[in-house]
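Notes follow once the structure below has been shown.
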Amino acid sequence: MPRALEAERITVQFGGLVAVNDVSLALDTGQIVGLIGPNGAGKSTLFNALTGYAKARRGTVRLFGSNVERLPPYARARRGMGRTFQIERPFEGLTVLENVLIPAFLRHANRAEAEAAAMHALELVGLSDRAVQPSSDLNLARRRRLELAKALAVQPRVLFLDELMAGLNPPALKEMIGFVRSLADSGIAIVMVEHIMQAVTELCEEVIVLAFGEKIAHGAPQQVMNDPRVVEAYLGGADE
Amino acid sequence: MTGSPDRGPDAGAGPPPAAPSAAPGPASRALTPWLERGGAPWLGLAGVAAAGAAWYVVFPSSLSLGIGLLLLAGWASAWDLLGGWTGQTSLGHAAFVGLGAYVVGVTATKYGLAPWWSVLLAMALAAVLAFLWGRITFGLRGSYFVLSSIAVAEILRLIAINERKLTGGAIGLFIFDLDRPFGLDLFSRHTEFWLALGYLLLVLATTLLVTRGKLGYQMRAVREDEASAQAAGINPVSVKSLAFMLSAALTALGGCIYGIFLSALQPQPLFELHLSVRIALVAIIGGRGTLFGPLIGAAMLTLAGELFRNAFAEANLLIYGLLIVIVVLFVPRGLMGELRRRAVRRRYAKSAGG
Amino acid sequence: MKRVFVALLVGCLALLTATATAQETVKIGVITSLTGRFAEFGEQHKAGIQAALEDVNAAGGVNGAAVEVVFEDDISEVNAALTAGEKLVNQGLPLVMGAYSSGITNPLAQYFTRQQRPFLVFTSSDDAITRPGSDWIFRINQPSYAYAQVLFDVFDAINAERGAGTLKTVVTVHGNGAFESAVADAVDVIAAERGYTVLQRQDYDQAGADFRPILNRFKTLNPDILFMVSYAADSVALMRQVQEVGLDAKVFAGGAAGFALPGFIEGSGPAADYVFTATMWTKDVPYPGAQDLNARLSAILGRTPSYHAAQAYAAVITAVDVLKRAASFSPADVRAALLATNMPDTVYGPIRFEDYQGYKNQAPLPAVAEQVVNGDFVTVYVNGQVVGDLLETPSWNAR
Amino acid sequence: MEWLAPFLQNLTGGLLIGGIYALIGVGLSLIFGVMRIINFAHGEFVAVGMYTAIVLFQRLGMDPYVALLVAAPLGFVLGAALQRVVLHRLIDAPADSTLLATLGLALVLSNVLFLIFGAEPKSIYLPYATATVTLGGVRLPVAQLIAGAITLVVIVGLWLILTRTEVGRAVRATAQNRLGAELVGIDTPRIHALVFGIGMALAMCAGVILAPLLFAVPTVGSSYTLKAFVVTVLGGLGSVPGAIGGGLLLGVVEFLGASYLSSGYRDAYGLFAFLLILLLRPEGLFGRTVKRV
């Protein structure tokens, strides 16, 4: 049985700068892996390399056993990679429902079916009462949920969440954590870049720590947090 | 050409679906739900048809002006599929107008092809050209598409001038004879007027159908944010190419009618930048990405042109230049876009308040 | 916004319905470019028409009724011209005339042919307007062929003076507009007929071009005749660059348009000297009243008139003559009267409409040739005769 | 070796005209590099320069090469004013809006020229405009040599300003990262006005240089806008040295194409090169990558 996602020896270079160096990661269905590290550690770049938005110079990415490292982002999405963006970008000028309708069309060519699926995704994230509202009118917490609904509407098997929790107030955070847990329970493999340690410790069985593009630690959250190299990376990053 | 009333709900081009209507009057009980479910634009289309028919009756001696207006509105609406709904500004759509006109001209005069075959051929060629052109430019980041659009139209103009054997060169091509489909005299201004009106309605109906379906939403997604669109499984290059091919084919169709209308084709007026710019500006001033914006823009600028002819005509594009600067600075969505934005706000405010 | 729109609509309505009212006068329609890029020529037309109206109305108009001209501005664009054409046809005017640019006149001619209404062309010279032509299209002015023809008459005259074979080879450079291409085509045809060899023919795009690549190429061919066809801007650039490149030919010939305008001499300076050019009418033509008309047109315009003004004058004179003779103002009767036109001594030359050399309803007028001498145009060839000295062109080094 | 002399003649001809294309393209590329604006009015700026030279010549009898001293500051002021009044309002608007605004400016400028000067072509006649010097069998037109020299001086001057002065460093910083430049205290709106002013001044200088060589008509601008686009895309959008290379290349390609192939397609050669570049090396011959991943 192939694993949900297997990335091996990913290296990304911008000009002479090595942004991600020789990083591997793997996870199974229902598993949540956290990706942490100080700012500029290469988390987002690795994320982009896995989802196809950045070009990896070396390395392979397998989705349920088939290689996708040469595929563009949209083709990876079609094969079951869903993602959110760190800076959430709803399609301006469209309503909340229409925003989710667009990814829903990926699995349903018929408008009525796609609309039902989009509505379903909105219900999942608790936005169904906002369906006809212009998306630009949503507040931050609701934009995050819209972003998630958009990612869910492609019916992903592997989901990439980019700082989904950032800036949420405690009740919203709690709600979101519970929600991500239920997604994993429904059988989706999740990779998350996250700064909010509460979310990381509550959700992830496994954490990968990046610093200067290198993987410096890998393991359960508590164990990794106590790793001196990790502590040093964070402190070192802090006084830069 | 009237719409089926059981179209799916839509909020992009019509009123939003779910908002329960406040208090339908007893007489409009049947009509209101249909309008709410997206029938309104179809009603608008019927209004355009009626206005066209009214023009025919009221100004029977100004059919040429009407034909010019209808064709410009049709081209601008076709342009808008790419320029407005998909967000790819083209300043080369004259290429397709010229292509349409020349295909009719060349096939009619050299090969005696019946006009309906010429029209199909023209549309197919336009779509192929758009496809290849999109291949070269849609994968590039930045303003390369708009730059290339001018270049391609220029190249076609130079080909039309230099390949004399095919196009008659600078002296041009004269259409003296055409088959009469269903006994219609295609050279009569009366026939041409109805053809032009039908053409505009066809473009508007296509726009309405496309923008309410999958492709239409993909086009808007690509316009708003290509990275997000890719996350939704959309291939931006192929969506842009599809929109471009559709836009090109429809523009070429209008070009065919224009070619018959002129029946003397020369490269200069047909392929020139001037025409491309006019098509784009009419759509932008009227409101990009709105169903009736390009039509409103064409009507306004044509009528303003007629009115201010003596005041401005020495520099007849001056008014376009001033208007576009004003629109960009103060009404960036265009006239219809601004009206629609206000209407959506008001409606939402009402439904949220009530 | 809504109010502006309504105002626009109402205004437009008023414009469109303000058509023909009571008629004690005879109206002739004229479509020309009063504004836009050809406005310069529309002004010339207007002057000629004004002078002609004074004359015909002083002479009793059309059988007593005063003659009036309804101007329609085509704003130098084909769409507006067709709109104007339709308007004039629907107003039921007995005769419509126009326009300046062949690109505009060609579609108009198609339209009037389809409508079966007579249309009188007086400036556009594209051959295609009257060749093959149609029953309804008549042209006073010389077709583009004539521009080349008169210059070849001059070449023949030079060969006769200085010995056969003096001039044998030709190179042609021309703009890629309809008119210039048509003249260049005529050069090919006439050269073949009269035993000249066209070594090469090159065209160029748009005003402001750099002709050096073409001229360098021509220089290696050592042509006897450099035949140039271009509008005003290019004619000056061409002659300057001919001098600069040092292209020596025995004859420099400017076929039309740009080379016959005063601006050509002003812009080219001494480089313009010895250039032969074709024109359609000058004050020196041997037709009655030419000097006088030229003086009147100068007074109206406030500057030297171009031949376009004389063409417009001739068009109105002809139209009035036709309408006087027409049995009625029905299209068929007006057409019949046009066909029967025979005006042997107008100021523009003898006007009648004939079918010849593939032309239909074309006035068979010859063009006029001039040579630039000491910064002035001198008429050298009119009506099939040499009327001045044909000066030899010195080499650039000898100037 | 019979072909060599004409070939050298054509090559120098192409380089000389290419120098002027470079001057136009440099301004466009500089504006794009710093402001991320494709200036559709650039050719019209050239036309304004031509008319400025003509007016100064006809009214004051001023030699066009002296007129440069008037045209350059005038262009700078006009450009800076245009940026302040119109384009500055669009600094955060989508790229499309600025593009359309400059297109509107182009239409306004060319039509205003139309209203002032009419459709009639205008030119300047200088006795030395047709003079030539011969160098190793190649005839070099004096006017074009002067034009080439001025182009060289202007470009070197620009390069010195950009690399050797405080303002130049600010310009380059703004080009690389507007936000970053603002953070270190650079007044980027001022830099934008400055750059647009320089761009317009360069274009007007090109116009003045062209005035004695060619003819001015109000519509001449659009063909120079197109040439400037081709030049900058050949060289890489936003690259100033690239624009110089692109300009020279375009001049040579056009000249050789017109000499050895067909002159009717002269303008098409540049456009074909343009499309070919987009197809094969969209970053331009000297630029960085623009292909999407």
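Order of writing sets the labels: A, B, C and D. Residues in every chain begin at 1.
Basically, contacts are C-beta pairs under 8 Å (C-beta built on N, C-alpha and C of every residue); 3 or more make two chains touch, one makes a residue touch a chain.
It should be emphasised that the depicted structure is a prediction, and the values quoted were computed from it without experimental measurement.
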Longest centre-to-centre distance from chain A, chain (CA-based): C
Identifier of the chain whose CA centre is least distant from the whole-structure CA centre: B
Inter-centroid spacing, chain C versus chain B (mean Cα positions, whole Å): 38
Inter-chain centre distance, chain B versus chain D - centres from mean C-alpha coordinates, in Å: 34
Between chain C and chain D, centroid-to-centroid distance (C-alpha), Å: 37
Chain A and chain C: spacing of chain centres that average the CA atoms, whole Å: 74
For chain B, residues contacting two or more additional chains: 158, 161-162, 314, 316
Two or more partner chains touched - positions in chain D: 262, 264, 267
Overlap residues in chain C, where contacts from two or more other chains coincide: 36, 39, 176, 203, 205
Of all residues in chain A, those that touch chain B in their complex: 51-53, 72-75, 77-78, 82-85, 89, 91-95, 97-98, 101-103, 105-106, 109, 111-112, 114-115, 131-134, 137, 150-151, 153-154
Residues on chain D engaged by chain B in the complex (per definition of touch): 38, 86, 89-90, 93, 95-97, 99-101, 103-112, 114-115, 222, 226, 229-230, 233, 237, 262, 264-265, 267-268, 271-272, 274-275, 278-279, 282, 290-292
Residue numbers on chain D that touch chain C, as the complex places them: 6, 9-10, 13, 17, 118-121, 123, 125, 127, 129-132, 139, 141, 213-217, 219-220, 223, 254-256, 258-259, 262-264, 266-267
Residue numbers on chain B that touch chain D, as the complex places them: 87, 89, 91, 136-137, 139-144, 146-148, 150-152, 154-155, 158-159, 161-162, 226, 273, 277, 281, 284, 314-318, 320-325, 328-329, 332
Residue ranges of chain B touching chain A (in the complex, touch as defined): 8-9, 11-12, 16-19, 212-214, 217-218, 220-221, 224-225, 227-236, 289, 344-345, 348, 351
